[in-house]
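If you scroll down you'll find the structure; I have some questions about it.
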Amino acid sequence: MGKLVDEFNTYRAKMNDKILGSDNKVMKRLYGLDTLTYQEGALSSKVKEMLGLATSMVLRCDDCVKYHLEKCFEQGVTTDEMFEILSVANVVGGTICIPHTRRAVEYWEELNNSSKL
Amino acid sequence: MGKLVDEFNTYRAKMNDKILGSDNKVMKRLYGLDTLTYQEGALSSKVKEMLGLATSMVLRCDDCVKYHLEKCFEQGVTTDEMFEILSVANVVGGTICIPHTRRAVEYWEELNNSSKL
Amino acid sequence: MGKLVDEFNTYRAKMNDKILGSDNKVMKRLYGLDTLTYQEGALSSKVKEMLGLATSMVLRCDDCVKYHLEKCFEQGVTTDEMFEILSVANVVGGTICIPHTRRAVEYWEELNNSSKL
Amino acid sequence: MGKLVDEFNTYRAKMNDKILGSDNKVMKRLYGLDTLTYQEGALSSKVKEMLGLATSMVLRCDDCVKYHLEKCFEQGVTTDEMFEILSVANVVGGTICIPHTRRAVEYWEELNNSSKL
Amino acid sequence: MGKLVDEFNTYRAKMNDKILGSDNKVMKRLYGLDTLTYQEGALSSKVKEMLGLATSMVLRCDDCVKYHLEKCFEQGVTTDEMFEILSVANVVGGTICIPHTRRAVEYWEELNNSSKL
Amino acid sequence: MGKLVDEFNTYRAKMNDKILGSDNKVMKRLYGLDTLTYQEGALSSKVKEMLGLATSMVLRCDDCVKYHLEKCFEQGVTTDEMFEILSVANVVGGTICIPHTRRAVEYWEELNNSSKL
């Protein structure tokens, strides 16, 4: 894996452990609900991850974007599809999304390069 | 068509005419870009309209939600799929989306009832 | 109950029934999680409802504000306390919150008047 | 004055009185600060009201947009200038701003028609 | 103090001096208003800081979260209470708040470790 | 140029090339529309860049703020004017904008220092 991907996942795993290690039932259930949300249903997990990516982009949450980029990548989303998801988000959410798009494209590139090794 | 759908579309058409009737080139191009965004590409128009619906919901724009609900309806999105789109949005965007979900479900119901006449 | 309060609660109950009447497990669990969130814990329900009100205000969701105003009212929050919650929200969230504050104060007044009958 | 303008201003004045009539010092000072913000300075009040309009639009607060449309109108902002302010906001904030732009254009039209009587 | 806490406070103090050192009266008064907002009143400073933390979290401002975490810590908020504040915010604001929650928990941990030295 | 300015512009240019190098027509047109938006019209480019800065600030996009700070600087916006733009944004958008204001002031200072070399 590349540096950006590694750092993100290491930090994410470490801090998720602390959150889930606390006694807070609401946070635990929210994590469980999050997992349930993206499972196969009337819509495929692939489409749901696309929805997760697009909504994360318009809400401009870089870490959420990274997370859903990885999930989209695992689901076989192509680079052209990824750009179309981001383009919907950029039109809906405006040029304010462009800096987040730059970081998304960098992360996507690293995901793709890593998988070729 | 039902009352909510009628009122929304009449007002929308009337005011869009005024905006496009102004001399503002940026607004005209933005409307053009909006149309281009949802055309068939690497992703189908159907998936893109789903993305439009989910992003409108997390940004909590009722009129945008109505617009994309109509487009999703025209694209053959089922009620189960519609609820899954809204459920992703509600988990990503939080309970703050629930009041908008109530209005979305009401509008969706009217779209479905109208089509049965 | 006053007119604003009645209309809000009637519509809310009707549409919540439709959402919970659907087969969508994620929405059902989100509603359950929402209930769990405000229960007595390390913090009292009263404080949690205050947090619910303040966060709804900065996110500028009128219906969420109405809901938490009712809950705060039931928990015995006073008018002075209510104004202090809104004042924190207005300073954190800016003057963009003022129109929502106007509607909140109107709703709060109706809640108080109703209870005196 | 037209109907939209009248209703907005009547409600606004009535509720502002209640907010300022409360004992909440923070809200009072915030109202004072709001007045101070748009006074002549290094920038003219006209430019500041334009900034108020554009920021209200990207934050998608219809009542704030109405308020600043009136102030811009009083400051002599022309219809072409008004459309350019909104076009910057729509590009920065995305198509999610379009429904708010429709309502802004309707309000602006009423402000202009009223002034011709 | 730990590294995160130190860096945040040093940068914050340095830049606040520059902002207050400018001739801008509006910014100065906003800083004054901010101080006033969290003082003892109908609600305790402790509750107000909790409101500050929750609103900062749903608006997803990491630096604001850090600031209010420190204030909450000084006011004697416990770790269980802190998690409940964050859990309300995560349910209201959605999973988009989770990355900010991770950073909040890390900062909170550092505040607690520092105080034990 | 200073370090912050250099890093921002280098990364921005590199990633914009990748975005424009993709086959995505929507993104390309959005970039074109962005350029068109700030050209001389009924309003000067200077005023439009001020609008770009204020809207970027209330939407709390640090990179967008940096970009418009540079454009404002090139258009001859003075430090007093810059602070007034930020003060409107801080009052409209609330104290949640203060951390972004700190970073904006740091970037503005670097722009000014660089130009004196």
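Labels A, B, C, D, E and F are assigned to the chains in the order they are written; within every chain, residues are numbered from 1.
Keep in mind that, in the parts below, a contact is a pair of C-beta atoms (placed from the backbone, for glycine too) under 8 Å apart; a residue touches a chain by one contact, two chains touch by 3 or more.
All values derive from a computational prediction rather than experimental measurement.
Q: Any chains in contact with both chain C and chain F?
A: A chain counts here if it touches both chain C and chain F, which gives A, B, D, E.
Q: For the two copies chain B and chain F, what is the rotation angle that overlays their Cα atoms, in steps of 5 degrees?
A: That rotation is 180 degrees, given to the nearest 5.
Q: Could you label the chain E-chain F interface same or different, taking same to mean over half of its residue numbers are used by both chains?
A: On the two sides of the chain F and chain E interface, the residue numbers are mostly different, under half being shared.
Q: Decide which interface, C-E or A-F, involves more C-beta pairs in contact, and give its chain pair.
A: Counting C-beta pairs in contact for A-F and C-E gives the edge to C-E.
Q: Out of C-F, C-D or B-F, find the interface that copies D-E, where copy means more than half of the contact pairs are identical.
A: B-F
Q: As a quick test, compute the distance in whole Å between the mean CA positions of chain B and chain D.
A: For chain B versus chain D, the centre distance works out to 27 Å.
Q: In whole angstrom, what separates the CA-based centres of chain B and chain E?
A: Here chain B and chain E have centroids separated by 37 Å.
Q: Take the average of all CA coordinates in chain A, do the same for chain B, and state the distance between these two points in whole angstrom.
A: Result: the chain centres lie 23 Å from each other.
Q: Please output the residue numbers of chain B that touch at least 2 other chains, ranges allowed.
A: 26, 30, 33-34, 37, 55-56, 58-59, 64, 80, 83-84, 87-88, 90-93, 95-96
Q: Edges wherever two chains touch, nodes for the chains themselves; is that graph a line, a ring, a star, complete, or other here?
A: Looks like everything touches everything, fully connected.
Q: Which residues of chain A touch chain C once you look at their complex with the stated criterion?
A: Where chain A meets chain C, its residues are 25-26, 29-30, 33, 36-37.
Q: In the complex of these two chains, what residues of chain A are touching chain E?
A: Per the touch definition, chain A meets chain E at residues 11-12, 15-16, 18-19, 22-24, 26-27, 30, 34, 55-56, 59, 61-64.
Q: Using the touch definition from the top, list the residues of chain D that touch chain F in their complex.
A: Touch list, chain D to chain F: 33-34, 37-38, 41-43, 47-48, 50-52, 54-59, 64, 78, 80-81, 83-85, 87-89, 91-93.
Q: What part of chain F is in contact with chain E in the complex they form?
A: 60, 79-80, 83-84, 86-88, 90-91, 95-96, 98-99, 101-103, 105-106, 109
Q: Residues of chain C touching chain F in their complex?
A: Listed in rising order, the residues of chain C that touch chain F are 58, 90-97.
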